[in-house]
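Two complexes come next, and they have one chain in common, chain A, joined by chain B in the first and chain C in the second.
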Partner chain A sequence: MSELKSIVLITCISFTIRFLAFSMKLREKMPAFTSVNSIKMSNEGIFLQEHNIDPYSGRLVHSMPITLMFEKLLATQLLKNVIFAILDSLTGILLFYGSKHYLVWKAKADSEIKKKFSSTVFENLDIVAKDLISIPKCVILFYSLNPILIVTSSNDNILCNFFYALTFYSLNSKKTTLALLSITFLFLDSIYAIVLLSPILVSMSGDKFKKIQKSILLVVFIGAFILINYGIFGSWSFIEGTIGFSIQSKNLQPNVGLYWYFFTEMFDHFRFLFLSSFQINATILYIVPLTLRLKRDPTILFIVLLGIITVFKPYPKIPEFCIVLSVLPIFKTFKKYMVHDFVVFSFFMISLSLLPSLWYLWIHTGAANANFFFGATLAFCTGQIFLITDVLFANIKRDFSIYNGSKYFKMLLKVKLLLK
Partner chain B sequence: MFSRLKFCFLILVISVNLSEQSEQYHEELFIKPLPNGFVNTFFQFTTRWNMASREDLLHTKLTPRPIAEVLYNYDVKELNIALTQGLWRYELWGYPVVDSAPGAEAWAWFNGDNLTESHVSRQWKDLTSTFSGILCASLNNIDEANTVQPKYSFRPRFVAPKNTKSFIKYSTLPRENVCTENLTPWKKLLPCSSEQGFASLLNSGYVHNTNYHSVKVAIRTFQEAKTGELTMELVLSANLVFDPILISSSKDYSIRKIFGQGLNGVCPMSSSSKIYVDITEDKFELVPDSDDVKESTRGASTTKFAIYDMKVISPNDLFNIAFVKKDKQNLVPIIPPPILTAHRYILAKGQEEGKIMTEVTNNHWADLNVVLQENIPWFVPSYMHTLTVKNGNEVLKIKEFHYIPGNDRERPYHLEIAFTVPAKSTVKVYFDFDYIFLKWTEYPPDANHGHYIGSAVVTALLPVAKNYTTIPVEGYLFEHSFNASRPSYFIQIHTESLLLSLPTPDFSMPYNVICLTCTVIALAFGPIHSVTTKILTVDTDGDENKGFIKKVIGKIRDKIKGKKSAPKESVEEKPKSE
Partner chain C sequence: MGILTDPSLSSNDGGIVKVLAQHKKKICFLLYIASLGWFCCLGMSDFNHSAYLSENALSPGLVYTEITRDSEKLAQQYHTEFLHERENHKGTPIPWILAKMKQIGLETHTHNYTLNYPFGGGKVFTGTNIYGILRAPRIGSTEGIVYSAPFRPKDSLEADISASIPILLAFAESARRKNYWAKDFIFLVTDNEQLGIQAWLEAYHLGGLQNDQGILNSGSLPARAGALQAALNLEIQGMELDYINVKVEGLNGGLPNLDYFNLVQRITAKERISAGYKQTAGKMKYTTHSTKIEDNLKHILSMILTQANCVPTGNHGLFHQYRIEALTLQGIKAKSSHQRAGVLSVLKSIEGISRSLNNLLEKFHQSFFFYILVHNDRFISIGDYMPCAILFVAVFFIKSFLMWHDLNKKVDKWNDDIYDKKCEGEVLEIHYMQSIVAFACAIGLGLSLNFVCKNGAVSEFFAVKFGFTTENTVAIVILCFVLVGLIFPFLFKFDELELKVLQIGSQIFVGCVLLTVSLLNFSLGFLLGIFLTPLGIFNEVGQNKVMKYLNSLYIILCHPVLVIYYFAVAITEQNFDNLAFKDFIEKVFMAFSNIATYGVVDNLIYGNWMFSITTLALFPAWILYFSANLRDWALSGSSRKVKVE
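Right after this comes the complex of A and B.
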């Protein structure tokens, strides 16, 4: 019961902190990092709808009609703060149970491999009984108490994070339909979430026919969801405003991603070429190879794909990457193979502290210029990429040790990747 | 050949005969000493042409050919184009006869059978391009991205036939620099050009010495529905404000001093040629004095004019009027402010978020209903949910609200609101906007100079005609404003245009940025490519120095091979555990 107690405690703390932070409008003080889909934009959307003006005809509104309706229902700011603080705390709980399910499953899977291939003792590679409680606790703590998350997440981010966590949870507890539903929601917010279908299909036990069935189900869900939005809004223009907006990447507002400065400085006649290659890079380029490589562990596949889309999508948001950061404790057993952990940590520390100060210097005092801020965002992206690739390498090295015995692996001074 | 020529000649004679009585040209000059010592000179050249049918537009006499052709080819019924340098100071100078926004301002009404939105848009583009050529101005930069369609602020000055829909297009180019190159082609539209008549006073050297100058082309047409009779009215006006002290280093001035030369007779083509001097204040002695003094009482305020009919006084010789100050004492004038004034400014800290603030002041003792039009360019994304109309701390009700959100590179943000300005108070209208980032090629050559935002337009019906000299809508000559009392007086004033300094990228960086960003993407691509396409094997060869390790590896490998038939250190080749 102590587990339940601590969850309740952490959730209460998380709720209080969030509620206070939202009430103090802390997150509105960081507009550079919540620029797209920020609080102002959804307010504008509600306002325009109230005046019978198509909110998607302008450049400012990119939330779905259903999100706008949801925010409109929460009439007062106080109610909004409460509801979104609760939602964000729920996200932590979902991550907790998701990672718990994962660890149980992983421990079982490992022991089966162990039985088959190696009798050697695993040092620090095993998931021990203690981890089944301590790691999920770490996850919920990381999510609940992450200060960056609290100050940067707008209402839209909170909703998205909730659905990311829901996908994570249902993926690990094998509730495929629920996972598909939450992907449906994410899809309309940013189409890149469609990539996450692949870990869900991989996680399903069953034949191809069933998988195809589920893929069709997702299409049906998305279609139904679009129809619901159409029903609420009464016009198709929201598709251009939501999906079209992230595909075209017209907004050059600085964010922590790679697109804004690149397309600011891009020559117009190359824009289409680079835009399409960037979009392919963010979506379909890595799905097939990574799915083939990580098909035994859909959760890692999920996290790596989520990491990739949050780095490479046109309007990345820090809160999304915070999900990836929060679930990292479940890779505790990889830790000894993660060679870049210090580098990644330094990258994050330096770039996250430089970002706001360089932004301030550039925009408010005029002492720095765009290059400074761009440099910091590049460093942040590089840190994220290092983290993702490090997880990937650590994963295959750990697998290697589990199959072959850690002792054997330990004796090797050097491991090289060679072409097959 | 001869017969053809004769035929042409015949047509020419007929058309000239037809239009002889129907086409009239008037030149007028209105001089008003302003309360703060400046002098306002307003030239108006009016051509009025009654036609039997639309086809007559092809045979022009006094009307410039390009303008007649424009009216013939397009469904435009009213067109106003103004090029202005400087800002009209309402508080010091009162209201001008014709008001216009700083920079270039253009609006047109279209009306015709089966006219659709897309026709109008195309015609508007053609029209502005045509006038870009006629006036040598950058009106060709007017497109959908800076054109709005006002709903409340503008009213047509022609009568549209029943059961037809009229379309309006309005645009401003606040960045437009108005100079000699615009004045010269503008003068060429006059029948006498600048050779004779009042236009000879408009020497570019002197015109561009002014504190404010504005030239305008206004055209409107009326058509009788039954007879098809067409009336066209072309008004070319120039509004100039001089500072006499700057020109003649004394408070006395004369036509010759402010324009560089005396009046060179009248234009022989003109039907009337008159100078009106506002002598209400009676501060100056006019030399020569005029016998013809008229009083005009309009909306409870009386104005006195000295009128010089140049056709009578001096049709051919040089003519000059000197203004000699009667009271040589240096008195500080107390200037009664006009009833309605407006100002606009930007409130911002840094280049992240800002507010556009418009102040509308009512100096009258009664409430005043106004319509405010904001025409915000697409690169200033504005949040209308933050729109606030406040009088002190009291939030005022917005009576009418018309808003079309802008879109990048496509459409400006267009806001029109109607509200009541309480008596003797200043109402503040403000809303938030974001500073946005443009593509590097979209910044003007001097990027850090900033981007202009066109002025707001405040429209109202004034209850009294204090400081008001505008010609009533049914009239076309300046003298039609005499004694033209009405229940209310339509006024349209413009605020300052704003200069917004957007954050800039580093313009020298494109290659660096492209290379660096692509490098970061490659940082992900390389390792993921390796992880997914290669298998993990132990490197057994290539290290000669590490014989021992090699040995150990070999041993272990043998051991494993002997123990289990596990394949070669590859993860991939292991069967799945389930």
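Right after this comes the complex of A and C.
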């Protein structure tokens, strides 16, 4: 069956499911576990703007002015549902082509390395011809049919996911300017997207001067984008509502992140210290070491950084992590070394089934309390961290066996890496 | 970091996996036994705590009660008048109650509601609640406490509780004359048992939790009294009482804060009334807790059985979903002339409870919301009983963990070739497509059963076409779905690996369901665990024949519908004896359809989860286990076992 045909089929299925789910208002019924841009909050933003009230004044709305305008342009609910269902399906297609580009590139890079070091064939570590189709297909399926994604993503999340996927795609197809543009869009939603500049710079083949050029270009883009937003909105209050909101993280409404619980317990005069250390942890702490370690494979760097952001940023959203989950099949090359797959999977299953029930028990009936819900959140985050660590270690092991030949393959399955 | 980097934790040849794989049956069985053992241990005094009040603001019994003999006389006078009114008046004696409340000086309102019965072609029921608000002199109507008394007509099948409303009014009269109340009091008289209170609560909370159904039209309330802190429901059977039974279990197994229960215990003890949870005539006054484990276990079990069916034991049960702590005082009428508690002491305890609640500075938030009562003054907290459920859940995850490893080993041997060949030419080319589709279909079947049963149009269709009653329609729909479930495994042809994937999926599914249910309603979760865990233990491909037979038998006996049938048989046995076989079967079928219909209606009107859990979780899970087992037979019977190359 041709590739195009199956993409069209999957996209159609994806569109239908999303359209039905959006029309049945499943998203409104689910607790979104986030303080930013749940479907109710974006509706609130549009409502306030229609009544000529500054939507950012109430500290409830954190969408960018441009997304608010976009949603306002789509006047009817039906049109909105259609457009956002299409956008989300497009995200799947972008992920498909992104991962395809990556696999082609990876296969080429691997064969070059093997020429240099050893000529053995790695049955389980190589990308073979059929993978070039089957893996991207898995990616698009994972994204299209993920029920958690469908019921938790608000319109804002769909837009952001689209741009994350666009970054992923342009990173793999080496369209640097496009990648910078999509990061620009993501920046206002959460500043942490700026971290993703590092894989883009790594993926560029040019010299240092060109890289600096591109970084400056990003700054220019962001400046221009903020100006555009200002032009649309007509006041600077949106800066406080979007960027300022996640930097200060004053809203301690429970969500799937790690900040709210910690900062409710915190004495106020320590707040600045811990806030800065938390923010550093979410942004620059891991960039340098990970970039050095993964500079040969910017895509893995991208995924790992994205995963780290989604765990450690103040207001994480489940749909963002679903992007990381959906592109996991491209790690087929070192899947054999990812030993904790079941543990991670059960962590996710347990925490995702506990989160809504504990939310109900705490927020609705008032029987349980913050500790119960935070326990489930902690399990969810632990699962994410396990996954990221597993990816990193598996990648190291694969690199080792690529450079040293297949005789180490079996041995590495059992080896325990120690940090010294 | 050790855990994250150590592959031996979950790799095939690692130590832990090896040990687990070698002794998996033993370990799983041991976990099952351990859970039951732990449960039995809960009866021992080392495993439960003695009750204490953690909310200091309550300070029970610190004040002298001010209620006097006059109130008692008033209550008696109200009682005679009430009985007279009830005799002459069909339905609730609304004018009389309204007049009395106005006379006392309450702000009086009525509340009308309509129930559009979801089945039976648009039947409509109406009802009226009456409530009077005593505005607190010391605060601006920001907090309130509800005192409710259900009105029961004389010909009701349930126990006569004619004394509740007189006592409620007598208490209102005495409370009216005090100036120290810091919370508004709402005196509420409801009708139609739980329907009335549900409608009132929905109206109080502006449509409530399930406003999108259009089934219970709860109307609107003309006046409110702020955020409700607590509610006390009175079911007093007569003016002379033997003892008071305190009922706590609410909808979906919700319980009031333990502080509230303890408060009631303290106050009633002070007023020398014998009162307690599941109090019976035989129980002595003020006994310290029994040290006998059997007695304690019996008490725990009786609470678990009451809590597990998700149905509230009284009108208090519907308050819990709105964050209002509530319980019922059920005063049992004295049989002999030897009276143990009179109206005065009941009034005094109500006053004592109110004075304590009046002191509350914030919502009940201390003490425990999840507990099991071992005895009136001893309880088990969530941390102590949860291990039972967790041990059950562990079985499912350990089992699926090992299956996952088995699967990986097999896949390594096969090198995916077979699947690539199998998938070639298909549009999506996914491995294990069959298992994924089967899983999705099973869940979809559950969803559609849920949808069809709850949809009034279906029953109308059957009623018009064949003249069926609602009960019969629900029963027939369920039986049809059961049939589909039985055919289900024959629609798929799994090979060994697909079967494994299906089993892993169903194990994790049931594990998650068990965990969630036991958090929401431990009693139900634990009872489910007792019956489901053996399924988890024996669910495996390629066992010996005896085990397989046993497993199949057990799976079939565990069918959710069959389980309902057991209940139906038990109920019929109890109610009718010496029936001919044919009549008996008919009666059983009727009982079954009644149970099923009650489940659906309760789900629609009150939001009872029993029906949802059964259709969305247990029914699909059963189908999955059944198909896995049946296909396992087919695999070992035929040569469909895929050759390992």
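One rule holds for everything that comes next: the second predicted complex is superposed on the first by the 405 of 420 C-alpha atoms of A that agree within 3 Å, B and C clash if a C-alpha of one lies under 4 Å from a C-alpha of the other, contacts with A are read in each partner's own complex, and residues count from 1 in each chain.
Everything below uses one rule, namely that contacts are C-beta pairs under 8 Å (C-beta built on N, C-alpha and C of every residue); 3 or more make two chains touch, one makes a residue touch a chain.
Everything quoted here is computed from the prediction, not taken from an experiment.
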item: Contacts of A:A107 with chain B and chain C, given as first, second, both or neither; value: neither
item: Which of chain B and chain C A:F393 touches, first, second, both or neither; value: both
item: Which superposed partner A:I46 touches (first chain B, second chain C, both, neither); value: first
item: Of chain B and chain C, the chain that contacts the larger number of chain A residues; value: B
item: Touched partner set for A:K137, first chain B, second chain C, both or neither; value: second
item: First, second, both or neither for A:H364, with chain B first and chain C second; value: both
item: Chain B and chain C contact sites that coincide on chain A, given as residue numbers; value: 360, 364-366, 369, 386, 389, 393, 413-419
item: Chain A-facing residues of chain B, complex; value: 349-353, 378, 381, 383-386, 401, 403-408, 413, 432, 434-441, 503-506, 509-510, 513-514, 516-517, 520-521, 523-525, 527-539, 543, 546, 549, 552-553, 556, 560, 564, 566, 569-572, 574, 576-578
item: Complex contacts: residues of chain A adjacent to chain C; value: 1, 5-6, 9-10, 123, 130, 133-134, 137-138, 141, 337, 339-343, 345-346, 349-350, 353-354, 357-358, 360-361, 364-369, 386, 389-390, 393, 413-419
item: Contacting residues of chain C [partner chain A, same complex]; value: 1-2, 4-11, 13-14, 209, 254-255, 320-321, 323, 363, 365, 369-370, 397, 400-401, 404-405, 415, 420, 425-430, 508, 511-513, 515-516, 519-520
item: Chain B contact footprint on chain A (complex, rising order); value: 31-32, 40, 43-44, 46-48, 51, 53, 55, 57-60, 109, 112-113, 116-117, 250-254, 258, 260-268, 278, 281, 285-286, 289-290, 292-293, 296, 308, 311-312, 360, 362-366, 369-371, 374, 378, 381-382, 385-386, 388-389, 392-393, 396-397, 399-400, 403-404, 408, 411-420
